[in-house]
């Protein structure tokens, strides 16, 4: 388990997530925040689907990307922000029903942090796995630019 | 340039894209369809943004994933469907303003097809680059399961 | 833990690994084989290094790719072979000294299997993490083609 | 086409490549160097193969990783070095015969550079495609640490 640099990490993560209008659009919410681990919940909605009626693979990527990003953000100092450098996701099973994305930090770093997320359906199906790289922007607060 | 197996490829791509409710949710549309190349347009909207006011990286992934998938689908026979196996995306610049994702087939195959997408902003900024793998499901039509 | 289809899985993995002349070239050996988990050991050698004196990132990729591939192969039937579809690796720390790559199956499948590897140095440093996709070639034995 | 910051870029790339003992081990050589584009050649050798007699996928990754890295290095200042952050490679066809990896810079950056490589066989077969991220270490010369 990782020790947070900023004792207000959870409030900072929740406040930043609240500013992600894209999460509001798809109906995603923060389920759990601890140092280096964040869970994002996504209830099933018909308007999140692709042509076969499953949750769109890009939306699965959205919640995994966000869970990973906030897992990294939870370990960072208060006055910084971060950007996603890249992510790679394998879709393991069709996204049926509500999903949860569990992001965690694999390797925290001063400049780059590497994270991973697992996405599960309510019935326990392993829906996706992601590996992600983020870059910390030191001294650039996490606010609208 | 690749030769399409199905002469109705463009209608088939447009009809399938039209069933992607997630594309409707984010306001994305099909801009261009040719054999092995598909473009998806995304007008800027405030409800697509992340915490800093840029288009969410996961939404950039959504349109790139979709452009790649339909580039592959355009080369496939009429009675099949496909699933995304995995994709990897590098975010090269913040997503400001309207975006276009250009997907193209790198290597078509009987089982697996490898594709790539480039995402550009209206001012020409190269916003993202994706490499993706898809699997064809032969004899399983592209309809709600 | 996964159940092997072929009770001779360990002998089959060892025999196939023994035919990988590239593993002999770099001095890698099979350390451990169980169903769905394989470890590959790489002693440090000066001729494995890049320009700064660390083990070449591509060689780290080689042992991780191989550990993942044989983790998948251990769960497959006797009369098949497999090919690497793609892999993605993050280098987390310079490769100093001897390395071990631990591959494991994330999701076995009839056609595609998704795996992961972690590479560690002797002093416990987490050197790399890989996510990989493999395709099974049913009825095509694992022999020289 | 990109303009090099360091007019001695080609000599610097060749000198650094010459220090990569791992390239010597597998018999790879620098074929071509221009600003932002580097080609690495790999003659076929039996000791580079995997269990089916094709060039090992990890060795294909090695030459692609190296071609990408030196494409990035060619655009950097004289007093820096760089490290591979991550790479993702799709193997498109078995590696039979001699190979050439062509690396090029997709997006140069102060901290991070994104590159791509295509690997071809002598008969023109497209063998692999890579997307890679590198980090520049400013003020840390490219020498043995």
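Chains: A, B, C and D, in written order; residue numbering restarts at 1 for each.
In this text, a contact is a pair of C-beta atoms (placed from the backbone, for glycine too) under 8 Å apart; a residue touches a chain by one contact, two chains touch by 3 or more.
Small disclaimer: the values here were computed from a predicted structure and weren't measured.
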Exercise. Going by the average position of its CA atoms, which chain sits the greatest distance from chain C?
Worked result: B
Exercise. Taking contacts as defined above, which has more of them, B-C or C-D?
Worked result: C-D
Exercise. Approximately how many whole Å separate the CA-defined centres of chain A and chain C?
Worked result: 29
Problem set entry | Geometric centre distance via CA averages, chain C-chain B, whole Å | 32
Seminar exercise, completed: CA centroids of chain C and chain D: separation to the nearest Å works out as 22
Exercise. Counting only residues that touch at least 2 other chains, which ones in chain B make the list?
Worked result: 85-86, 88, 90, 114, 133
Problem set entry | Residue numbers on chain B that touch chain C, as the complex places them | 85-86, 88, 111-112, 114, 133, 135
Seminar exercise, completed: Residue set of chain D touching chain B in the complex reads 88, 90, 92-93, 106-107, 114, 116, 126, 129, 131, 133
Seminar exercise, completed: Touching chain B in the complex, chain A uses residues 16-17, 19-26, 46-59, 61-66, 81, 83-91, 94, 142-145
